[in-house]
Each structure stands twice: as C-alpha cells, then as structure tokens.
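This report concerns only the one structure given below.
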Amino acid sequence: MTIGFIGLGNMGSAIAGRLMKGGQSLVVWNRSPAAAERVASEGARRAGTPAEALQGEVAFSMLADDAAIEATLVTSGALKSARQGMVHVNCATVSVALAERLEALHGELGLAYVAAPVLGRPDAAAAGQLHVLAAGQPDAVAKVRPLLDLVGQRVWPVGDHAPMANVVKLACNFALASAIETLGEAGALAKAYGVEPAALFEVMTGSLFAAPAYRVYGGLIGERRFEPAGFRLPLGMKDVRLALEAGEAKHAPLPIASLLRDHFLAAIANGDADKDWSALAMTAFRNAGLA
Amino acid sequence: MTIGFIGLGNMGSAIAGRLMKGGQSLVVWNRSPAAAERVASEGARRAGTPAEALQGEVAFSMLADDAAIEATLVTSGALKSARQGMVHVNCATVSVALAERLEALHGELGLAYVAAPVLGRPDAAAAGQLHVLAAGQPDAVAKVRPLLDLVGQRVWPVGDHAPMANVVKLACNFALASAIETLGEAGALAKAYGVEPAALFEVMTGSLFAAPAYRVYGGLIGERRFEPAGFRLPLGMKDVRLALEAGEAKHAPLPIASLLRDHFLAAIANGDADKDWSALAMTAFRNAGLA
Amino acid sequence: MTIGFIGLGNMGSAIAGRLMKGGQSLVVWNRSPAAAERVASEGARRAGTPAEALQGEVAFSMLADDAAIEATLVTSGALKSARQGMVHVNCATVSVALAERLEALHGELGLAYVAAPVLGRPDAAAAGQLHVLAAGQPDAVAKVRPLLDLVGQRVWPVGDHAPMANVVKLACNFALASAIETLGEAGALAKAYGVEPAALFEVMTGSLFAAPAYRVYGGLIGERRFEPAGFRLPLGMKDVRLALEAGEAKHAPLPIASLLRDHFLAAIANGDADKDWSALAMTAFRNAGLA
Amino acid sequence: MTIGFIGLGNMGSAIAGRLMKGGQSLVVWNRSPAAAERVASEGARRAGTPAEALQGEVAFSMLADDAAIEATLVTSGALKSARQGMVHVNCATVSVALAERLEALHGELGLAYVAAPVLGRPDAAAAGQLHVLAAGQPDAVAKVRPLLDLVGQRVWPVGDHAPMANVVKLACNFALASAIETLGEAGALAKAYGVEPAALFEVMTGSLFAAPAYRVYGGLIGERRFEPAGFRLPLGMKDVRLALEAGEAKHAPLPIASLLRDHFLAAIANGDADKDWSALAMTAFRNAGLA
C-alpha cells in the first residue's frame, strides 16, 4: 500500500521512518524541502504538492499546529482533491475544536479521519517506543491499525469519534505538566528545609511514583538541566491552553491547568522561553526565593 | 533488645507486628487497652504507663497526631522520665514545627529523636512493604537502622535533622493529593467528551504514569469506589495543611496545595467527609456538572 | 457633521440616541432591520449597507463581538470602501488582538481608528452616565472628542494606540468580576458564621468599599437577585477570557482572572448561564455547601 | 464610669485617647511602660497589673494578637479576678476560634464579652474616623454602645455572638487584600501594553471603584510607595490566614484568599517583609517580568 505522509519535522520523520522500516512505501511532502530530501534518500517518493500526497488509500500528517494544518490541507484545497475514501491519520496534537471541524469536513468530502496523536519524544518515536492513541470511525481505525502498530509499542483505541483521541492526548500532557509543577513545589518545600530536591525525587520515584513521567522530569528538575529543550516550554503551555479550551467548550473547569498556564507565563516572562518545559518547575523555586 | 512501642492503631499494630516477627521484644502501651491486649497476646509485654514503655534503649511511637503526641509524651511527663540516651523513633506524620520542637526537647533531656514516617497503608505495613523515611542524628539513625529494616521493604535516610523526614513525608502526601486532583480534572475533561475516565487512566497507567500512585487512585476514581475509606478525606486534607504550614514557615508558597485544600473543603462541605481521600477528585466532576 | 453608526443593540441604540440628542445627524445600519427602523423613527437616516454608513467623516460602531466586527466591516469589504480619512470610533469591547489588527488595517486603508469602549450598562448609557475610554492617534481622538463628550458623563483618554483603551476596559471588567467573586467568598464566610451576606456588604459599602461596583453587585448578591440578567454570565466570562488572552500575549499571568474563569465555568455547568454575571458569586456558596 | 484599657500600641493609644476625649476615666495597662506613661500623662491612671485594669464595669483591650491576649488575660489569671459582671470589649483582630473560646470563658466567669474590631488605620483612629464592628450579647453591646460611639464615626452591630464581629472584620481585610491583588494584576496587564498603572487606577477610582480602598491602595501601588509601612505585609498575610482558618472550620473554601496567601509568601520570600501590605501587588508585576 502506498501511504502519503505530510509533515516531516522531528516527530514526523521518526514516524515516517517506522512506517518505511515496516515495509511501507511513502509519498512524502514537507514545506521545507531539506527534510523531504532526507526521507526520500531513505526510499520515499517526494510529492510536489500536499495534494499529491493524498492520492493513496491512507495518508498520515504530522504538522506543527492547528494553523499549519488548516493552511496545508484545508485552505490549500488539498483535502478537496484527495482520493475518495482515503483515510487521513492525523498524528499531531491539535485543538479539540479543530479535530471536530476536520472530522466533519472529511465526512463531507467522502474521506475518513482518524486522530492518532502519540505519547513520547522523537527519540522514543525513532525507537518505536511511542504510545499511539487512536480514535475515529471503527472501520477506518481498523483499516489503519496495522500501520499504527508499526509506529509505536502500543496502540490505544479510545473512541469512535476522532476528537476523543485528542482529548486523551491533551489530558496526558496536562497531567505531565501537573507532575512537573508538583515536583517543583515539592522540591522547593524540601529545599527550604535543607533536603536536596533530587533526594526527595529519588524517594518518590523509588516508591509511589515509580513512573517514567516522574523519573524523566524529576531527573531534569533535580539537576536543573533544562537545556537543550526536549520539548520547548511555550509548546508545553500551548498544550495546556488547548486542554483549557477543550474544557471551556464543555464547561469543565481545570483549575490546575489554569495555575499551570499562569506559571508557564511567569516562566516565559522571566526568561525561560527557550528551555525545556520542565523549567516550569522553577516558578515554584523563584516564588520561594530559592531559584 | 527490648523496645518500647506507644500507639497501637492500625499502622502502629502492623509495625509492632513486624518488629516482633523480626525477633524483637516489645513493651507496649496504648490509650485504649483492647489494642494493647491484642498485641500482648502475640507476645508483647504491656506497660502500665507511657513512661514505662520508655525505659529501653529504643522506643517507637505511632500516635494519631500532634495533639496526641504532646499529650501522651510531653504533657504527661513521660519523656522526662525516659531512660537516658534512649532513641525515640517517631513513625507518625506530624507537623514540621512539632518535629523541630521534639528534636530540641529530646536533646535537652539527653535523649535522641529519629523521625521515621512511613509511606504506605496498613496492609502494606503488615506485609512489610512500607517505605520508611528516616532522619535524625547519624549515630541515632545508625543504631535503629536494623529495626527500621525490619519494618519496611526499604529505608530512605533523608537527612541528619529529624524534621527533614517529616518534610519529605508531607511532600510525598502532597504529591499524592496532587495526583488525585489531576486525575479528577483530567477525568472530568475526558468524560465531557464521552471518554470514560477509567479508559483515560488505563492509557496513563499503561504508559507515562505506570506507578502505584496512579494505579491505586486511578482505579478508585475510575470506579468511584470511595468507600470504605483507606485514608479518610479529612486526614488527607490535614497532611496538605501541614505541608502548607511547613511552606509558610519558610516562605515557600505551594499553590497547588492551596488549591487542594480548597477542594478538600468543598468535598467535605458537599458530604464526602467519611469517604476515602481519593473522593477529592469528585470536586472536579461536580464543578463540571458531571458528578 | 453626518455620522455613521453601525450596530444598534441595547448599548448601540442608547449611544446613538445620545448623539442625536446632541444634535448630530446619523446614518445607521443594523443587521436586523427592526432596531434600525426604531432609530430612524427618531430622526436617523437608514443605510442600505454597512459601507453606506462609512461615507461620513466619522463613523461609530457598536457590534457584539470580534466575529461580528470582522464579518460586518472587514470581510464584507465595507472598510475598504469607506471615505478616505474617516475616523472610525469603535465602542465595542473587543479583544486586544483584534484592536491591534484593526488599528493597523485602518492605517493601511487611509482611515483612523479610535477605540472608545464604555463603562456602564444600557440604562446608564441612555442617561448619558457612561464613562468613555478613548485611545488612538491624538488628532483622531481630538476630532471625535466633542462627540464622545455627548455620549457619557466623562471621557478618559488613556493612550495614543487604540488597543490601550481595550486593555483598560478589560482590566476594569476583570476588576468587577474579581469584586463579585470576592463578595461571594466573603459572603459565604459570613454566612457560615450566621452573618447575613447582606449585612456584611452593608458594612463594606458603608465604609471602605463605598463604590458603585460593590453597591450594585453587593445588592444583587445579598438578595440573590440574578434575574433578569443585566449582563449575562457568559458575556462576563468572555471579557475575563479576553483579559487572559491579552495577558498571555505579553506573558503577564493574571491568576485571579484564571480563577474567575474557572468559577464562571462551574456556574455555567451548574445551570446559571442565563443569569446575571453576579451569579458568579454562587460558586463560592455552592463550594461551601451554602447555596 | 471608670474604664479599664489594656494594650496601648498605636491603635490602642488612639482609641484610649478618643475615650478620654469623650470624658471617660481610664485605668490603663501596657506591657512596656513607656506607652502607659504617655497615656497617663494625658490623664489616665496606670494599673500595676492587667487584673487591676479589669476592676471597673467595662474594660477595653487592644492587644497585638491571639498569643498576647491569651498570655495577658487568660494564662496570667487576670480574667479570673475581674470584677463580676464586667463587660470586656476586645477591639483586636483575633482568630474566630479564639473569639469563640473567649466568649465561652467569659460566660463561665460571669463576665460579658463584646468583640469590637475596628476598620481603619491609627491616624483614622486618632481622628475618630474608625468604623467599629460590634457583636455580643445584646445587653452587653447596648451597655458599651455609648463608648463605642466615642471611638469611631460609626458603629455597626453585626450579631449577638462575639465571633460574628471578628468574621466580618476578617472578611473586610480579606476583601482589601483581594482589591490590592486585583489592582496589581490589572496594573501589570495595563503596563504590559504601555498604560501606566496609575492611569488605569485613576479611571477605576473615578468611576466604578470610587471607594477609599481603591483610592488608598491604587495610590500606593501606582507610585510603588510601599515604605514606610502603614500596615506591614506579614500582618496582612496573618489576617488572610485567619480568614482561611475561619473558613476551614466551617468547610468554606476561599480560593482567592488561598491565592493571596501564596502571593504574600512570594512577596516575603522576595524581600518585601518590611513593606506595606500593598506591596503584595508587586508579585503580579514580578510574575509578568515588569517589577
């Protein structure tokens, strides 16, 4: 099966690589040609336009944000000229509102839309260690399931409407940011009493919090190792904002998310915009005079 | 070595049982005699007064809260008549301020004070699965270390001043409450979009949040199984309040803890005082109209 | 001078009425014709299109929100065909981002843009009791100043860039919502101890808080008189959201605004969407079990 | 009538002065004798002990905080030797819990207890411009009402249980702190867009917020004039904490108060402990990078 692939940033390239490694033929498109050439050198065919990448039975996309998706696929008219019946698998973390619009639009155009956002960083993606969320019409999800299995270590079907996968993804990223903030506050409390934050985090990750989220971020915060950024702080704030917007649309307040957003802003205002989003934890230290 | 043991509630009895199982002779005291008799039936000697339990080289205590400790050990005069050089191992979760006062008082009285609060519930205690935090003067900690090793699966030395262990304990319980609230908010967001909270939690605990904290509380919240209470909600609020007070003494704000306290209060005001503290999560559902 | 006027809702009609009472000739346009007819019956001339209302030296607009402004004036092409040099006075509460875009767009089109949002309710508008904020290029503001003086009891020039007036307006509405929430929390505390909220508010407005904001909202909250709505609760939430968005664009966290947004959502989720925005105060009573 | 007066700090001296100016004879006691001598030089008689000041029909007290009251009046035994039937008028801002204990204790001792906390600063007190809250048994309040009328510009009876006046006082101080924080956040938002906070505050206090609270604190914040302190920041935090504790006792969450407490702590941690409590507003500017 020939598969289209649009958007070859760090994550996109890694996912595309997994599909090729699984024996799939790709037709790829990327705004800046360098990335497309690199993937082409590994065996993919380059498409001249986004529309050209939508002529197979399935197409993946992994674009940066809502605006890039709207511009590349909708405003450009690419979706309108996609092959009838095509299943579009969108791996990007997008707003729930866009997911709702895209699902409806695909339906109108005779296409299927599967949301398949992923959990994990680019290095996990390259190693096939992502967790892949999946939601959409059951037959469409079933059709692309073998491909999703190539992408990550585990596929999690979470519902028969595409936006449900985006909600789950945003909920997970919100929970990660909440864990980072909690580590920051707990660490500041410990430090105020002479306990090294790293020592506290060692206890936590050695007992009740023995999970990747706490190990990864506890490690970074304990050493204040916020550069280079694995996931830039403003991107983390964006995901929390998307969670807040999704909540607002359904009248579901998320007060911790509100607090996180405020602390992200304080972090940016205090010079941490280019750091990893775990630098969010420094707001707690700063507010305690312990930065 | 004969060891005193004061306070035989659920946790105290389980810890005393571990020590006896490890071959230690105990002299026990409890305010209400029933529990003391039960432990005596397993081989312990009963003390007629708290002071009588303080005549060995080491004494453990596991009393309910600050007030019980002050009344039983300080106001009663028991500590004043303790054997010179005795090491007092306090396993209770107490305020940092009390730990500071007790450490100073023991020093004045020629006694040593080791704070050894534990992580885990009574059933974990009985199974020897607790994590034991330990702080105090190094020689005193070293002396009781073999006993602490009998109590739990792992001992975590966290500092050479007793209050440091209490700070770590409060930080851990704060982090647990934060995880509960986060599960509540994330679960409410999911539910608002038709995703069962339990399905979201399954993804989380199967990937980035594969830790006991999330598995235990995600399970309870997903099923809304808040009774019987493993740890009553007002006790959870108390620990968060102790964290806030410890922070206040050092000018370290803990905004998530503040939010948790407010939600605990709302939970109590709405009738959840007798439920498990994971019922804290219901505040998020209530505020979203999804309770 | 002939003046265009676009948007004849409650506030628009009242402001248009003030201008006519001050001797000005109006050319009016409104989406639904009923309001335009009513104003025409008082002496205004009706325009067939928005563009037709933009052929004088000055045009006011008072449209419902960002979307209505974009649709009516920008997307429709009306602004492009406006009389060269025209000064557009926008009285609506819009997002700061839109104000920035509109100011730039007017400059490109050879028009001037004055932001003149108002403080006060429709009945105050009809009575000429509004406070009018004004910002924009000094010569444009100077030109329309005599008209603004007709509209309200006082004109407040707040800067030479139009968005500055919108920021001030949003800051004022944020402060009003904060006062409402504060009255709610203080009232719930009082009620919990048997003090009627109305009695507390009487003390407050008779001493340190002797201001319209507290008198008006203290009165409504004290009597729980939330219907009919003077300003619907979701509109109040919208303004707080606009303040949050304005803050986010400049990395200025507004934690009280975050909290207000969460409580507005809880109010909506609990059935208060059609009430006056002072019903925001009920969230505090509900959370205390005193609703 | 001879009136006892215990506690001659700034506020106590000013209130005592008002009573003497109104023709009352005072028997005064103060821990440090200098203040007692000064008041004596104005015609008061000095008592050798607190108990000696409690031998008239009425005694006022204005001590610094809960601890000073407990030490001076309860632990010292002074209250036990007070004249039977004496009405004790406590003007201090105390915890609601202490007010409840004191009311009960006075009843047991055959004394009456009136809580009469005041709104205003020492200069307002000297000028007779205080607002006086009053609560207690109606006959006791009635008896001291003529004296309270001498103290301030207006007496506000708020209930027939003494703690009710303390609740109202704490609610007012909470509302003041909330206004300060709101001015800080609104001011930071304005400043981020080039609007001077003082200009925003002028609009606010010239329109919807034309009240002493906003004029006084808007003025201080607009000029960042936080020294000398009229009311030290940690004392402001203490009153907010007392409001939180009063709320907790009745399960009434006060989320704005929680936020205020956190910001007070951040202010102290960042060096503002000796400034006026209006310096609380700087936390908002700091978090926006605008301090």
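Observations on the structure shown:
Read from first to last, the chains carry the letters A, B, C and D; within each, the first residue is number 1.
FYI, a contact is a pair of C-beta atoms (placed from the backbone, for glycine too) under 8 Å apart; a residue touches a chain by one contact, two chains touch by 3 or more.
Note that the structure is a prediction, hence the values are computed from the model and not measured.
Here the chain-to-chain distance from chain B to chain C, counted in touching steps, is 1. For the interfaces A-C and A-B, the C-beta contact count is higher for A-B.
Chain centres were defined as the mean of their Cα atoms; on that basis the chain farthest from chain C turns out to be B.
Each chain gets a centre from the mean of its Cα atoms; for chain A and chain B, those two points are 38 Å apart.
Distance between chain B and chain D, defined via averaged C-alpha coordinates, is recorded as 38 Å. Contacts with at least two other chains are made by residues 247, 251-255, 259, 262-263, 265-266, 269, 287-290 of chain B.
Looking at the complex, you find that chain D touches chain B at residues 241, 247-248, 251-255, 258-259, 261-263, 265-266, 268-269. Residues of chain D touching chain A in their complex: 262, 265-266, 269-271, 287-290.
Chain C meets chain D in the complex at residues 96, 119, 131, 133, 154, 156, 158-159, 161, 163-164, 167-168, 170-172, 174-176, 178-179, 181-183, 185-186, 188-190, 192-195, 199-200, 202-204, 206-214, 243, 246-247, 250-257, 259, 263, 284, 287-290.
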